[in-house]
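One chain, chain A, appears in both complexes that follow, with chain B as partner in the first and chain C in the second.
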Partner chain A sequence: MENYLIAMTVFAGIYAIMALGMNLIWGLGGMVNLGLAGFYAVGAYTSALVTTKLGLPIYLAVPLAVLVSALVGVIVAVITARLQGDYLAIVTLGLAELVRLTASNEIWLTNGTDGISGVPGPWRGVLSPTAFNSLYLGIVLCIIAVLFLVLSRLAASPFGRVLRAIREDEMIAAVAGKNVLSFKIRTFAVGCGLVGLAGALFAHYSSYVAPDVFQSIVTIHVILAVAVGGVGNMRGALLGAVIVIALGEATRFLAGSLDFIAPSQAAAVRESLIALFLIVVLNVRKQGLLPEKTPVYSEEKR
Partner chain B sequence: MKLTRRAVLSAGVAMPFIGRTAFAQSNTIAIGALTPQTGAGGSYGPSMVKTIRAVVDEVNAAGGVLGRKIELISENDETSPEAGVRAARKLIDVNKVSAILGTWASSVTTAVAPLCWENKVMLFTVSGADSITQLPHQGFIIRTQPTSKLQSTRIAEFLLSRGAKRTFVMSAQTPFAVSGFNTVSEVLTAAKTEVLGHVIYDPAKATFRSELEQAIKTKPDTIFFNSYTPDLTTLLRELYRLGYEGRKHTMAYAANAKLLEALPAEVTEGLTSMAPSPDVDSPVYKKVRDILGTSDPDPYSCQTYDHITMALLAIARAGESSGPAIHGAVRKISQGTGTKISSAVEGLKLIAQKTEVNYEGASGPCDFADTGDIITCKFRFDVAEAGKNRLLGIS
Partner chain C sequence: MELVQILVNGLMAGTLLAIPAIGFTTIFAVLRFPNFAVGGLMAIGAYTGLVANTMGGLPLLATLPIAFMVAGLIGVGSDKLMISGLRPSGPLAAAIGTIALGLLLENALRFVFGNEFRTFNIPPVRDWRFGDLRVPPHQVENATYALVIMAVLFCFLMFTRSGKMMRAVADNPALAGLKGINAVRTTDMATFLGMGLAGIGGVLIGLDVAIDPLIGTRTMLAVFAAAVVGGLGSIPGAVLGAFIIGLGEELALLAVAPTYRTAVGFLAILLILSFRPRGLLGERRY
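Moving on to the complex of A and B:
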C-alpha cells in the first residue's frame, strides 16, 4: 500500500510541476497554451535520449531537458506573438500533435511508437523498489518546494504585476511602456521549461517514454488542476494537481467496489464521477478552490 | 441516531468499502486484469475481461485453486501508458496480485513491464510489438499474440505457396513497415525468388498512381500490400485501371467487408488476405464463443481466456500462488508431452492427481519460447471471389 501511495504522490508531484508552469502562462499571463503535452514530451524525450544514447548523467540531462523545452517555448511564443485566445489555443494544440507525430515517425531518433525503454532512474536497480520510490518522492517534493517559493515570489514581483496587466488588457500594458512581446516570450520560456522539467522527471521515474504517453488528455488534466485549484494562484495549482490524481485514484476504488457492474460500466462510472465533481466545484466556486488574491495597493501603505 | 437523508447517503457510499476490506482478509489468490475499457482499445477490453471472469467463476465454482478462491481485480488501463502504470501500481502494491493479464496496447505493456519484473509479478499480454519481449524481463512476460516477425514470415511462406516468383511490396508508412518488409524479403530470397522492390507510401495521399507505376514497371507476378482499408481501396482501384493481372495479397484487417462492398467485384477479384486466427476447431474456442455470445470472437478475448487458464494451472502446478511460482511453472503446463487439456477445471483435476498436462488454448497451442514469445499460431487465409471473402484455409 505504501508503495502505491508514494507512487501516486510522485505522479501528483509531476502534475503539480506542470500545473505551476501552466499557471504562470495561463493563470498570470492569460495565454491559453494547449500545447502542454508537447512540451512535456520535449522534456521527456530530451532527457531520455541524452541519457540512453549519449550516456549523460541524469543531473545534467534534466537541466538540459528544461533548457530545450524552454527554447521550444521561446520559438512558439515568437511564432504565435500576434495570436490571442482561441487562436493561440488552436496553434499550441496543433504543436503538441506535431511533437507527438514527430516522435511516432522519426524512428531513427525516437524509436517510433515502440518508445524508448530502459531510461535510467537515480540509483534504480541498486535500491529496492520501495527505496527508489521514496528517494524519487523526496527529489520531486524538494523541486516543488523550490519552484513554489520562486514562483510565488515571481508572481508578487513587478514581473508578475506586468503579466497580470497583460492578461487583463495587453493594450494598456503596452501604453504603460511595457514590452509586451518580451514579457510573453519570457513567460513562455519559464512556463514551458517547467513543463519540460515535469516530462524529464516522468521519464526517469517511469523509465519509459512513448508517443502514447503524451496525448492531449495530459493537457486537459493539467488545465483541470489549475481551474479547480484556482487560476492565478500557485497554491491553487498545487492543490489542483493533488485533487486531479486523488480523484482519479479514489474513483478507481469506489468504482472497483461496485461488484455488480461490468468493468466497462465501472470505467464509465469513474469518469462520470470525476466529471460530476468538477462540474460541482466549478459551479459552486467559479474562481477555483483557492482563488487568486490580487494584492491591493492603497494610498496609505505607500 | 436520527436517520437523516445525509446519513443514509454516506452509509451507502461507505458500504462497498466495508464489504471490500472484510473480504480482502480472507485467504484468496489475487489476479489482476489490466485491459483497455476506454481509449483506443476500449472496444476490446470489455470482452477480454468477460472471458477472464468466466474462467475465474468456473474455477471458483469447482473449489478454486490449492483450496483457495480466486479473486479477480479488474483495472482499466485507459489505453494510456501513464494510466496503465498507475493501475498496475494499484494491482501490485494494494491488491498484491501475482499476475497481470491482458495488456493490449504495446506502449502500455512496455510501460507496465518494468514494474512487473521488479516486483516479480507475471505479465500476460496480447500486444504485438517485437520490442516487448526484447526487454530485460527475466522471463516475467508471456505473449500470446504473434509478433510481427512471425506474421511476416507466414505471409512470405503463403506467397511462395501461391507460386510467387517476382514480388513487389507496398507498405503504408507505419512503425512496422521496414521490419515487416525485411522479414518478407528474407524468406522470399531464401526460397530463390525475386523481391523487386519496396515502396513506403503516405496512406493519407489521395492517389498512388506514381507508386503503382513504379511497381508495375518491375513486372511483378505478386504485389503484397501492407496497407489499411482506406488506402488499399484507392490502390486496388488504380491498380485495376493500370491493367495489372497478377496476384495481390494484403492483411485481413484491410481486406474487410467494407472494402469489398466499396469496390466492384472485378477490382477485388483474387485478392488474398491473412490474419492471425484463433484455433476455430478447438473446444476452447467454442467455449469462448458461448461466453461472449458471438459466432466470431475477437482474437484478444481468446488470448485472455488462455492467459487466466495458464496462470491458474501454473499456480496449481507450482503449489504456490506467487509471481515467481507462475514464472517457473507456466511452460510446464502449456507445452510438453503431458495430457492435452482444454479447460482450467479439467487441468486442475489432473494436476491434483500429479499428471502432467499440456494446455491447448482458444488462441492456439500456447507454446512459448524462452523470450516469452509464442512459438507458433494459426493463421487464416481468405480470397476475395465475386465481392465476398472465401476461406482458403487455416494453418
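Moving on to the complex of A and C:
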C-alpha cells in the first residue's frame, strides 16, 4: 500500500513537471501544445535508448533527453510561430502521432510495440523497492521544487511580463519593440524540454517504455491539470497535477467496481470521465482553482 | 504500369479523404477554429452506417444520408452543449475542448461496440482488370458517391440562400452581421454540415478498411493535412489537398513501409507551412 502511494506521488510529480511545462507554453505564452504525449515520448525514449544502448549514465541521459525534446520543440515552433495558433495546434497534434508511429515501427531502434525494458533507475539494484521508490520520489520532488522556484521567478520577471503581453496582444508587444518570434520559440522550447524531462524521469522510474504509454490521453491529462489548477499560475499547475492523478485513480476504482462491464468498457468509462471533466472545467471555471495573479503596478509603487 | 495503378489508387483515396477534409475546412472557414472533434464524428458516422447496414439491412447508398444526419446532429448538439461556451475566450480553448469532445465520442463508441474491427456486410466482387491494372468496383462506387456529394455541396454553397449566408460569414463575419445574417444559425449550420460530411467520410473510409472506434483518429492527420495543404478555410483547396495527400500516400509506398503512410500528411503540412503558409488555394494567411 505504501509503495502504491509513493508510486502515485511520483507519477503526480512527473505530471506536475509536464503541467509546469504546459503552463509555461499555454498559461504564459498563450500557445498550445496538443502533442504533449509526443514530447513526453521523445524524452522517455531518448533517455531509455542512450542508457540501454550506449550505456550512458542516467545523469547525462536525462539532460540529453531534455535537450532533444527542446530541439524538437524549436523545430515545430520555428515552422509555425509566424502563423496563427491553429497551425501550431495541428502540427503538434500530428507530431505526437508521428512519434508514436516511429516508436511502434522502427523495431531496430525502439523494439516496436514491445517497448524497451530494463531501463536503469538510480541505484535500483542495490536498494529495496520501498527505498528505491522513496529515493526517486525525493529526486522528483527536488526537481519540482527547483523548477517551481525558477518558473515562478521567470513568470514575475521582465521575460514573463513580455510573454503575457504577447499572449494578450502580439501586435502591441511587437510595437513595443519585443521580438515576438524569438520569445515564442524560446518559451515553446523550454516548455517542451520540461515535458521531455518528465518523460525521461518516467522512463528511469518505470524501467519500461512502450508506444502504448504515450497515448493522447496523456495530453488530455496534462491540459486538464493546467486548466483545473489555473492557467498561468505555476502553483495551480502543481495542484492540478495532484488532482488529475487522484481523479485518474478514483475513476480506476470506480470503473473497477462496476463489475458488470468488461475491462475495455471500464477503460472507456475512465477516459470519458476525464474528457467530460475537462470540458466541464473549461466551461464552468475557466480561471481554474488558483487563478493567475497578474502583478498590479500602481502609481505609488513607481 | 505500376505507376498507373498507384495514380488510380491515389486518386480514389483522395476522393474519399476530400469529404471529411471539406467538413473540417468548412467549420474552420465559418467559425475560425480547428474543430478536432472531426475524428470522433467520423467514427460516429462510420458506426451509424455500419449499424444501418449490418443490423438494419440497408444498402450502402441509403446509409450515407443516415450517417450524415446522425453525425451532423450529434456534432451540432455536442457543440452547443459543450463547445460554444468556450468560443468567446478564443480559438485555443475551443480547440482544446473539441479534442476532449472527440475523445468522449470515441470512448462512447468503444463502450458500446468494443475495440474489435468490424466490416460492412457487402458481397465481395471480383476486381475489374484492365491489363495489369486492378480496380475494385466498390472503390469506384465509393469514389463516385464522394464526387456526387461534392457536386451537391457545391450547388448548395453557390445557389442556396443558406449556402450564401455561410459563405458571407466565412468571408467577413462583421459585414455579414451588418447585413442581418444570424451568426448563431449560420455557425450551427456550418457545424452541422461539417460534421455530417465527417460522418459520411467515416462511412466511405470505413468501407475501404475496417471500422473501430479509432478510425477517425487514425485518418485525422491526413484530413488536417488535406485542409492545410489546400489552404485552411478553402473548400476547393481541401479537395485539391485531399488529392495531393491521397496521391502522396500511395507514392510513398514506393519508398517506405506502408505503416508510414500517415507520416506523409505530416510532412506535407510541414512543407506547405514552410513555403506557402496560406496553402495552395487559400486566400488568406491565418
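One rule holds for everything that comes next: the second predicted complex is superposed on the first by the 267 of 302 C-alpha atoms of A that agree within 3 Å, B and C clash if a C-alpha of one lies under 4 Å from a C-alpha of the other, contacts with A are read in each partner's own complex, and residues count from 1 in each chain.
Keep in mind that, in the parts below, a residue touches a chain if its C-beta (ideal position, glycine included) is under 8 Å from a C-beta of that chain, and two chains touch if they have at least 3 such contacts.
It should be emphasised that the depicted structure is a prediction, and the values quoted were computed from it without experimental measurement.
Within the superposed three-chain model, A:Ala246 lies out of touch with both chain B and chain C [touch as defined at top].
Once chain A of one complex is fitted onto chain A of the other, the partner contacts of A:Cys142 are absent, as it touches neither chain B nor chain C. When the two complexes are overlaid on their common chain A, residue A:Glu271 makes contact with chain B and with chain C alike.
Once chain A of one complex is fitted onto chain A of the other, the partner contacts of A:Ala262 extend to both chain B and chain C.
Touch criterion not met for A:Ile172: it reaches neither chain B nor chain C. Applying the stated contact rule after C-alpha superposition, one finds that A:Gln215 touches chain B and leaves chain C untouched. Legend: residue contacts after superposition of the two complexes on their common chain; A:Ala131 is shown touching neither chain B nor chain C. Contact with neither chain B nor chain C is seen for A:Ala156 once the two complexes are overlaid on the shared chain.
Shared-chain residue A:Leu60: touches no atom of chain B or chain C. Within chain A, the residues touching chain B in one complex and chain C in the other are 104-105, 217, 262, 264, 267-268, 271.
Of all residues in chain B, those touching chain A in their complex are 13, 16-17, 19-20, 33, 35, 37-38, 42, 45-46, 49-50, 73-76, 78-82, 85-87, 89-90, 92-94, 105-108, 110-111, 113-114, 118-119, 129, 131, 135-136, 173, 175, 178.
Residues 26, 30, 32, 34, 79-80, 82-87, 89-91, 93-95, 97-98, 101, 104-105, 216-217, 219-220, 223, 227, 261-262, 264-265, 267-269, 271-272, 274-276, 278-279, 282-283, 286 of chain A are the ones that touch chain C when the two sit in their complex. For chain C in complex with chain A, the residues that touch the partner chain are 28, 33-34, 36, 82-83, 85-86, 89, 91-93, 95-97, 99-101, 103-104, 107-108, 110-111, 114-115, 217, 220-221, 224-225, 228, 232, 257, 259-260, 262-263, 265-266, 269-270, 273-274, 277, 285-286. On chain A, the positions that touch chain B within their shared complex are 1-4, 7-8, 11, 104-105, 107, 111-115, 117-118, 129, 202, 206-208, 210-213, 215, 217-218, 248-249, 252-254, 256-259, 262-264, 266-268, 270-271.
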